[in-house]
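Shared between the two complexes below is chain A, which pairs with chain B and chain C, respectively.
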Partner chain A sequence: MIQMKEFTFQYDTGKKPALKNIDLEIHDGDFVGIIGNSGAGKSTLTYAINGIVPHYYPGDFYGSVLVDGMDTVDTAPEQLAVKVGSVFQDVDAQMVATYVEDELLFGMENFGVPKDEIEARLTEALQKTGIPDLRFREIDSLSGGQKQKVAVAAIIALRPDIIVLDEPTGELDPESSDQIFQMLKFLNETYGTTIIVVEQKVGLLCGYAKRLVLLEQGEIILEGPVREVLKNADRMEEIGIHVPRVVSLYKELVQRDLFRGEAPIGLEEAETMVREVLS
Partner chain B sequence: MIRFEKVSFSYMEEGSTLQDLSFTIEKGSITALVGANGAGKTTLAKLIRGLIHPTAGRILFEEEDISKCKASTLAARMGYLFQNPDRQICKNTVGEELDFTLERTVQDPIERQRLKDDVLNALQLDPADEPFLLSRGERQKVALASALVHRPQLLILDEPTTGLDYKECTQIMEYVQALNRQGVTVVMVCHDMEIVLDYADHVIVMHSGKITADGKTRQILQDPTALTSSALLPPQIIGLAARLMADGYSGFEGICTVDAMATQIEAARKAVTA
Partner chain C sequence: MKGLMNYFPGDTFLHRMDPRSKIVFSLLVCIACFVTNNIYVLLGILVLDLLIGVFGGIFTQALRLLKGLLKIALFLFILQALVMRAGTPAFYIGKLAITWEGLKTALMGVLRLIDITLPLALMISLTRMSDLSNALVSRWHVPYKYAFAITSTIRFIPVFTSDLRSIMEAQTARGVEFDTKNFFKKASLIVPLCVPLLISSVKKIETAAMAVELRGFNLRTKDSSSKVSQFHLPDYLLLLLGIGLIVLAVLI
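This part shows the complex of A and B:
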């Protein structure tokens, strides 16, 4: 479990706190989507979980962040890394190897994954991310989106209890983006992995996350099950969040007094909503 | 403005990344290059900018063969936004970053200042900010500003909205659209079909180094085979309209916007209850 209590953090280089008075509990096996505008504190929230804050980015740290009872301030990042796998926003900064296969092996060998398990995990990670054909490719020859998949594959091969991902689909096409989320769902459901993902594609995120956390200027302003948060579509639009267009349609139908049910998540539910209106 | 004549390109000796492409990009248009990861979109964008040259065929920019144009001429007439802003930004402040482009492309210092102020205001950037202390989204805006500050005739954007939140995304696309209305031709690589629907007037779909569809935005986005064969999904409202039509509901042809969809549902509802 991850517990943040009255957590405030200001980077040494920052003019104001990146996060303010954060009280947040993320339970084992949860699938949490973090949304918000640029500069809202989304990446900092992920850094607080994997210990990058305050160990690599120094600053004023108030309150506490506990990961499975370990205080992140007192725990070395390499110790936290065993528990928490991270996929960073800038994949180029994450890659350490020349070849895709080596990138996946690097983590597993360093974490002491038993030798007879390595091949199975490597194959599964490449398959789940849809890149078995890239196994022997040079990382430098890959497209931005392909690198993003390699970064995700390298982390899932480690099977950490918690995975934090900072915009893992930023450079991916729609089908590949969905593939990444299906893979996260698989890990969440099969191994009970806790997933915490920062994502700008709110429509996609809503189809997979159990809960949403909306940050604005360093504070949590909405938090709860996806449908509950989507009820505040007006507020989200006001802030500048990309509300899925089927949710905007739902709002419009409610406003025109044509529909009184819940906000749809995805096209299938939107179709059901329209069928209901027209029945 | 741009014409590809049987263009092929390969990064290695064996195999071809792009195969035998022929198409035209009209002056004054906003053309979206869409397709799955690895389809060849970025390679195509680099070819247009003259950063790499075809292994076969030729590319004409205003009827001139790009491979014969001077690099400085192309730099003055084209702006290019790279996929990763960190590969593009090279100066210590936002202001210096813009000066870097302007000093090489615009001679008149007064005009330089005017262009710089204009882009700083439009994208709400502070010239004193240090780019590498900004968020990814802000850095993307800095890179974009430096690509377009000199008002090139052709602006090539490789995933301009990656790393941006929706508000920033709308802000920069509206600015790009405003420049387009002033005559700047835009080519953008984009994965977000909602952005393509809202801003592009022309779409080129790519798959495995080939062009699989080329046409007006609405026509392409409403053609399910053009998209799904290239790992793309239609914008939600178009997707919903297609599902409703498949269910046998009529009147949903050509609907692309939330407002039009709500109005059609309201009309259909009235017909049901009448």
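This part shows the complex of A and C:
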């Protein structure tokens, strides 16, 4: 569980706080999407969870961030990393090895996973991410989506309870993006892994996440279950966030008094809504 | 030289051997090359080098390497033959005498160059970079930071190359003429190319450092590697062969 209490952070290089008065609780097994414009503090929020802030980027730190009861200020990032796995935006930069297998071994070897356990964990991580056939491939020869899965597999091999991803689909085509989220959903539902993901594609995110956090200029503006947050579609559009098209359609239908149900999430629900309106 | 350090995957006995024995063998061959003064020994070593290519299943690669080396060798051969003045003249170029001794020294020098370059280059083509660094760290206690720095450098080359290409494409799209024939004009284009590359590289390296640290880089010790390199019979035989070559070089 992650608890942020009155958390404010300003980078040493920044002129104003990157995050202000953040009060946020993320429970075990949750799937949280973080959205907001660029510069809203999305990445900083993920850095606060995995300990990069304040350990790697120093600055003024107020309030507290607790991960499973451990204060991130007092805990070394390596120690935190056993609980929180991090996948960064730049997938090429975070790879260390030439081969997929070695990429997975790197973290396990560093954290001293017993040698007789390594093989089992390796196959398990590849299985969970759906890429057992890539084990002996050269990382350079993989597609963007496959690389992203390898990055996640390398983290899963360390068996963290929480995985934090910063725009994992930033450079991917729609189909690969969807695959990445399907994989995250699988991990979340089957193994109860807590997923925290920063994502620009709000429509895609809404189909998978359970909760949304909307940041604007370092503050949490909206926070709650996806459906609840989407009720404020007007507010979101005001800030400049693209709401999913099905939500825009829903809004339009409600305005014209044609529909009175809940806002739909995903295509299937939208279809039911449209059918209901038509009949 | 492109492809010099590339690993060529395979499953021959040379691939499976301990990286240490391959490196040591290459060094032993180097020593033998410098000790000997016999042209037949040098020729023999050349054949042996090519045999490494055959047994490693990378004979075409070995030949390509040899071809690349021959270009440098030819230049060195001519230079050496012209410089060496002592001995009996073999033929004259105008008033300049080319001596038999000169030709022989030049040939020996060239053969030495090829003989010492080939084994190491071929052995590295037959060894996975990670196995090599694992062996060096866990067995020879090379600090992991250095091994990591070297493997990362090699790994980042294609990443930076593709960055460079996209920057060049972006600038070409805005009218920069990278295809100009004028050398000075071309040189002046390099500065505006390097600055964005440098910035994006530093950013990449920063992410890389964070990512690696969060995956326990600082916790790694020399015993961390799960793949332990071990000497087997072929390794001892290869080393014996290397020592044998030196003995032969000394005796003949």
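To be clear about the criterion, the second predicted complex is superposed on the first by the 248 of 279 C-alpha atoms of A that agree within 3 Å, B and C clash if a C-alpha of one lies under 4 Å from a C-alpha of the other, contacts with A are read in each partner's own complex, and residues count from 1 in each chain.
Throughout what follows, a residue touches a chain if its C-beta (ideal position, glycine included) is under 8 Å from a C-beta of that chain, and two chains touch if they have at least 3 such contacts.
It should be emphasised that the depicted structure is a prediction, and the values quoted were computed from it without experimental measurement.
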What does the overlay on chain A give for chain B and chain C, a clash or a fit?
clash
Output check: A:154 vs chain B and chain C. Expected answer is one of first, second, both, neither. What do you get?
second
Does chain B (first) or chain C (second) touch A:140, or do both, or does neither?
second
Just chain B (first), just chain C (second), both, or neither: which does A:56 touch?
second
Partner touching more residues of chain A, whether chain B or chain C
B
Report for A:102: first if it touches chain B alone, second if chain C alone, otherwise both or neither.
second
Contacts for A:92 in the overlay, against chain B (first) and chain C (second): which applies, first, second, both or neither?
both
Counting only touches as set out at the top, which of chain B and chain C does A:78 meet: first, second, both, neither?
second
Look at A:111 in the shared chain and tell me whether it touches chain B only, chain C only, both, or neither; answer first, second, both or neither.
second
Counting only touches as set out at the top, which of chain B and chain C does A:183 meet: first, second, both, neither?
neither
If you stack the two complexes on chain A, which partner ends up touching A:45: first (chain B), second (chain C), both, or neither?
neither
With chain A superposed, which of the segments 56-64, 74-82 or 236-244 in chain B collides sterically with chain C?
74-82
Would you mind listing the overlap between the chain B footprint and the chain C footprint on chain A?
89-90, 92
So, in the complex, the side of chain C touching chain A is made of residues 7, 128-130, 148, 152, 155, 158-159, 203-205, 207-208, 210-220, 224-227
Residues on chain A engaged by chain B in the complex (per definition of touch)
13, 36-40, 43, 89-90, 92, 141-146, 149, 167, 170-177, 200, 203, 239-242, 244-246, 248-249, 252-253, 256, 258, 267, 270-271, 274-275, 277-279
Complex contacts: residues of chain A adjacent to chain C:
50-52, 56, 77-78, 81, 86, 88-90, 92-99, 102, 105-112, 115, 118, 140, 154-155, 158
Per the touch rule, the chain B residues reaching chain A in their complex are 11, 35-38, 42, 83-84, 86, 133, 135-138, 159, 162-170, 191, 193-194, 231-233, 235-237, 239-240, 243-244, 247, 249, 258-259, 261-262, 265-266, 268-269, 272
